[in-house]
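Order as written gives the chain letters A, B, C and D; numbering starts at 1 within each chain.
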Amino acid sequence: MSTLAEPLAAPSEPTTVELTYREAINAALEDEMAADEAVVLMGEDVSADGGVFKTNHGLVEQFGPSRVRNTPICENGFMGVALGMSLTGLRPVVEIMFADFLPTAGDAIVNQLPKYRYMSGGQFSVPVTVRSISGALGRFGTQHSATGESWFMSLPGLRVVTASSPGAAYELLRSAIHDDNPVIFHEHKALYGRKGTVRRGAIADLGKAAVLREGSDVTIVATLLMVERALKAADQLAADGISTEVIDLRWIRPLDLATIAASVSKTGRLVVSEEQVHAGGWGATIISELTMAGQSWHAAPRAVSLPADLPIPYSPPLENEIIPSVERIAAAARTALGR
Amino acid sequence: MSTLAEPLAAPSEPTTVELTYREAINAALEDEMAADEAVVLMGEDVSADGGVFKTNHGLVEQFGPSRVRNTPICENGFMGVALGMSLTGLRPVVEIMFADFLPTAGDAIVNQLPKYRYMSGGQFSVPVTVRSISGALGRFGTQHSATGESWFMSLPGLRVVTASSPGAAYELLRSAIHDDNPVIFHEHKALYGRKGTVRRGAIADLGKAAVLREGSDVTIVATLLMVERALKAADQLAADGISTEVIDLRWIRPLDLATIAASVSKTGRLVVSEEQVHAGGWGATIISELTMAGQSWHAAPRAVSLPADLPIPYSPPLENEIIPSVERIAAAARTALGR
Amino acid sequence: MSDPLSPDHVAWFRKMLEIRLFEEKVQELFMQGAIQGTTHLCQGQEAVSVGAIGAMRPGDVQTNTYRGHGEALALGMAPETAFAELMGRSSGCSGGVGGSMHLIDVSKGNIGANAIVGAGLPIAVGAAVAFQIRQQPHVALSFFGDGATNIGTFHEALNMAAVWTAPVVFIITNNLYGEYSPLRSTTPLDDLARRAGPYGFPGVIVDGQDVDAVHGATSDAVERARRGEGPTLLEMKTYRYRGHSRADPAKYRPEGELERWTSRDPIELLGARLAADGRVSPDDQAAMRAEVQAEIDAAADRAVQSPYPTLEETERYVYAG
Amino acid sequence: MSDPLSPDHVAWFRKMLEIRLFEEKVQELFMQGAIQGTTHLCQGQEAVSVGAIGAMRPGDVQTNTYRGHGEALALGMAPETAFAELMGRSSGCSGGVGGSMHLIDVSKGNIGANAIVGAGLPIAVGAAVAFQIRQQPHVALSFFGDGATNIGTFHEALNMAAVWTAPVVFIITNNLYGEYSPLRSTTPLDDLARRAGPYGFPGVIVDGQDVDAVHGATSDAVERARRGEGPTLLEMKTYRYRGHSRADPAKYRPEGELERWTSRDPIELLGARLAADGRVSPDDQAAMRAEVQAEIDAAADRAVQSPYPTLEETERYVYAG
């Protein structure tokens, strides 16, 4: 058995399995490639020993090097290739080894993928999934630590999604591949080893946030690595008698404002926890949208974010320090509650 | 006299002249190039008959083809060249013919310019100015109409500035070129023919928004083309007895939250008018920051923006329709006032 | 080149006339304000569009550029549909939202007209690789300019095409200028076909004024690709009679250059051969021109009757499904 | 190559040893957790770094990559400063915020170590053009890998350098792999020097294991550039003994390949010549190695004593002025 996880037998009825985040991504890729010959995986070294982050184990053995295709180093070029493939019937999944390289493919991502259908008057669909390996804490330095989750959130025609757990990764990656539109799928490199429950065969709803924990005093919205930190913060807060609702935002585009608004209507307090600068991100957008919609707050909303004016440093203690911690998230919630 | 505007004689005492926006940019370039041999202008066809948008008239005649340098078509490449120039003592000004091509230089803009000083531990300064020719209403279609003014607002190490009038363009472009850090300077192509007063010899403060009209009922914050529309909306509103404060935001990074907060503390009402999708932009960031700072609103703030889910269309009436109009800006202000 | 004249030549001649008169009409409509914004005309380059597109077979596809009216018409887009697109009308090929730079028709194998220099090349490679993966016997062509050979995607696309032996033909429409810049001011060589060298596939210089030469070289390259032998880079030596775009009076040209090129006008060259051969007399050619002109005028008149789209109508162009 | 042995050879030999032992120490510190994250070692490539850097003159500059420890040390960075940077300490060359991929020292002409493939090339061209504009007699070098020759910036940089006759030398450290991919799986030719062809400047294949060959070819190219004759592309044929990065056991290598390369180890080759020539006996070489090892160990010991920076201290690295 060369794959990390058993392949999907009957995709109709989800079966519950324990997988790592890495295995969950592998399983989603395997299930989609097995179900649809049009799905291809491409990127730098995607087939080399399971890929750089070992998410692709067994895929080249199962589907061959034509569908699990190593590319030369040229992100903008192979993103354009993926677009061309999608126009003629394939459903490429493109691996971008570090989110920091998304701007290297800037033209393809900004001017091509989202606009191609539009500027043809709807003649095409562009079912391209871009897997962006995101996030800090790898001590990779300032050019290899971005999430980029909000970089493309303003682009009509695109979708952007983030995976915070094995279960979410499996279902959301399948959802991204199934969608007929370009989707940027963000995985966090610090999560690959996490274990969790995966409903093999299930697929996530498009554009739906997930309420992971219900609560009545304060709402925390988070993505990627911040979700588990928010959940831990909620545990700490519970010890102090504070009831926290934790929402995994999942989709950055479209934003599920309804789910967040419903939660904040109940709690009146909001903390956005984001591994990104607050300016120009989903956290700011949510707070703005709610405020514009007339949200009344029990306390001013708060953001736990990366520093506005500091790139991500290499030095390990400094990198640790700038990434929002459980303590900082909990502290923000406490402040919102006046405690 | 080959230049559009008289060169600056005595830069110490500003003299007031009437120039078009195009001439103001030309004057800023000329004054900076005359004052400092290290300033060079580069980009596609920058020296060909004044450049594609005729902002560079007379510069190659005055400063020669080495300092007014036509490049091959390769935005990422020549942005990297500009970076290399800046490391060895020059102060390049790079013209990007359409803001839509900024992503073509995505790596240089995201991973190089803002981070280069940082990752060297402060060994360099990177005095590169990027002139981005921005904005819609040219009937250039969906790949040539972006402003991109908020695309890079989350990047520590960078500055981003926008010019709404001839006077602002002159002073801000000089300020950008003077700064020792990378600055993206956005000019709007629909404004090139506008006339206005320029204080030749003056230079704008870094990071300062400009209150263009004082008022007490509602604050409108705008950039680029939206500024003149906001001013016209203020005139219309005045006819209805509504007193409008109009702020030209100018700097997207850093954001001058203090000026806006002071205004909104007075008016209690805010309209952001932006030629961009609201998600992930400066408008959302301002509303979020004010809300987080505990701003109390007389009425919910409002945004007049591009549609969330529509690229900019070519069809002229449709393009006209989606760009925020004077009427829509005025209507948003009226709604905020309950009228 | 002296291929035996075939019936295609008459059709080609007519198509080249159609492109020429279409472009002239676009210019006129521009002056009248019926078309707004910008437009990039291709008068002088008709033999490249017609000769190369003529080498395509059903199922083959191509990408081109903002200067793509010639390819679009050669592929069979009705002039009315093209005019309507340029006018931003709902009966345009892209419902009026694309405009002059995006004459696209997937049903005719026209899978892209791109306003970003160089962006069409990797897209064509992607289509070609998809044909390989699905074992379809099709070929992808990509048209682009001399200036586009300086941008990274050119290199990236040619490299990938070579490594994967993709069935793709790269066609440089070398009209000597990238916007206002003469080739040699931005590019260190005259013969761009040499740029195929480091990819290990052939680069061929072609007389872009001679539709037979264009057709012959492209057919060879297309069939080579179809046989699984990989890509070819074709350099079509040609010229654009007009400036880069509407805004450009093309004052940068050396004196006499335009005249040297119009003296080898591709339509006149073919017309002379058709006349010499006795296939289509000068009078018949004039009649044909008048006929095409009438069609073009009528097409423009009909296009302008098409309504503008509403924003609502165009919403479905954004997301599929 | 059989240049007469010069005093430089002893210094080169020592520097190559320093680089080798530095990299081995880095690996050891990694295992111990004293260095975290990732690192890209250059054992086997020392002759390229030392021979090429040796061709630089005061005022010349270079850019390199995440695999740039060799160039940094060859340019004279103290091992202690480099170790401190890898450990994220404030006495590192970049105050600890850069890390293994960014050993930079502007005072030594090291104007960049980039973690983005291909990004260093245009930066070097920019420095070279700046020298031209300011009429300074300096040259810029750019080191990059074989895999980097497939990305757009390679093409864009070489094209600009050619058009502007910029004083720049492009140095491909062709170690046969880009991460886990063998050269020929991503690149359609073996001799990357051929990639100079379409830019009209020379491409030269160099034995990257022979420090004299490297130094000679680089000196020629540097002096050519300094004379105003423009760029050169040098292809250094070499090999990295370790995997791509810490995470890579390099299982993808064909059997015997590593052994074929270690049998032409650049340090041993030079050591054998120094011994044969009677300049430095094997015993003296062993003593030198021990001495360098002691220096390296001491440097690492001192580096680890340096404090971590505070976030506040690093704020001044973000904006100038």
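Heads up, the rule we're going with is that a residue touches a chain if its C-beta (ideal position, glycine included) is under 8 Å from a C-beta of that chain, and two chains touch if they have at least 3 such contacts.
Note that the structure is predicted; figures quoted are calculated from it, not measured.
When chain centres are set by their Cα atoms, the one at the greatest distance from subunit A is C. In this assembly, the C-alpha centroid of subunit C lies 46 Å from the C-alpha centroid of subunit D.
Separating the CA-averaged centres of subunit A and subunit B is a span of 32 Å. The centroid of the Cα atoms in subunit A and the matching centroid in subunit D are 36 Å apart. Multi-chain contact residues of subunit A, defined as those touching 2 or more other chains: 71-72, 74, 76-77, 100-101, 104, 107, 111, 118-119, 141-143, 156-157, 307, 309-311. With touch defined as above, residues shared between interfaces to two or more other chains in subunit D number as follows: 96-98, 102, 114, 116, 150-153, 156, 159, 163, 185-187, 314, 318-319. If touching chains are joined by edges, the resulting network of the protein chains shown connects every chain directly with every other. On subunit B, the positions that touch subunit D within their shared complex are 40, 66-67, 71-72, 74, 76-90, 92, 107-108, 111-112, 116-127, 156-157, 179-181.
Of all residues in subunit A, those touching subunit B in their complex are 76, 100-107, 109-111, 114-115, 118-119, 141-143, 150-151, 153-157, 253, 255, 276-289, 291-294, 297, 300-303, 307-311.
Those residues of subunit A whose C-beta lies close enough to touch subunit D in the complex are 44-45, 48-49, 52, 70-77, 100-101, 104, 138-144, 307, 309-311, 313-318, 321-322.
Within the complex formed with subunit A, the subunit C residues making contact are 61, 63, 92-98, 102, 104-106, 111-112, 114, 116, 119, 121-134, 140, 152-153, 156-157, 159-160, 163, 314, 316-321.
Those residues of subunit C that touch subunit B in the complex are listed here as 36-38, 88-89, 96-102, 114-118, 147-148, 150-152, 178-181, 185-187, 247, 251-252, 308-311, 314-315, 318-319.
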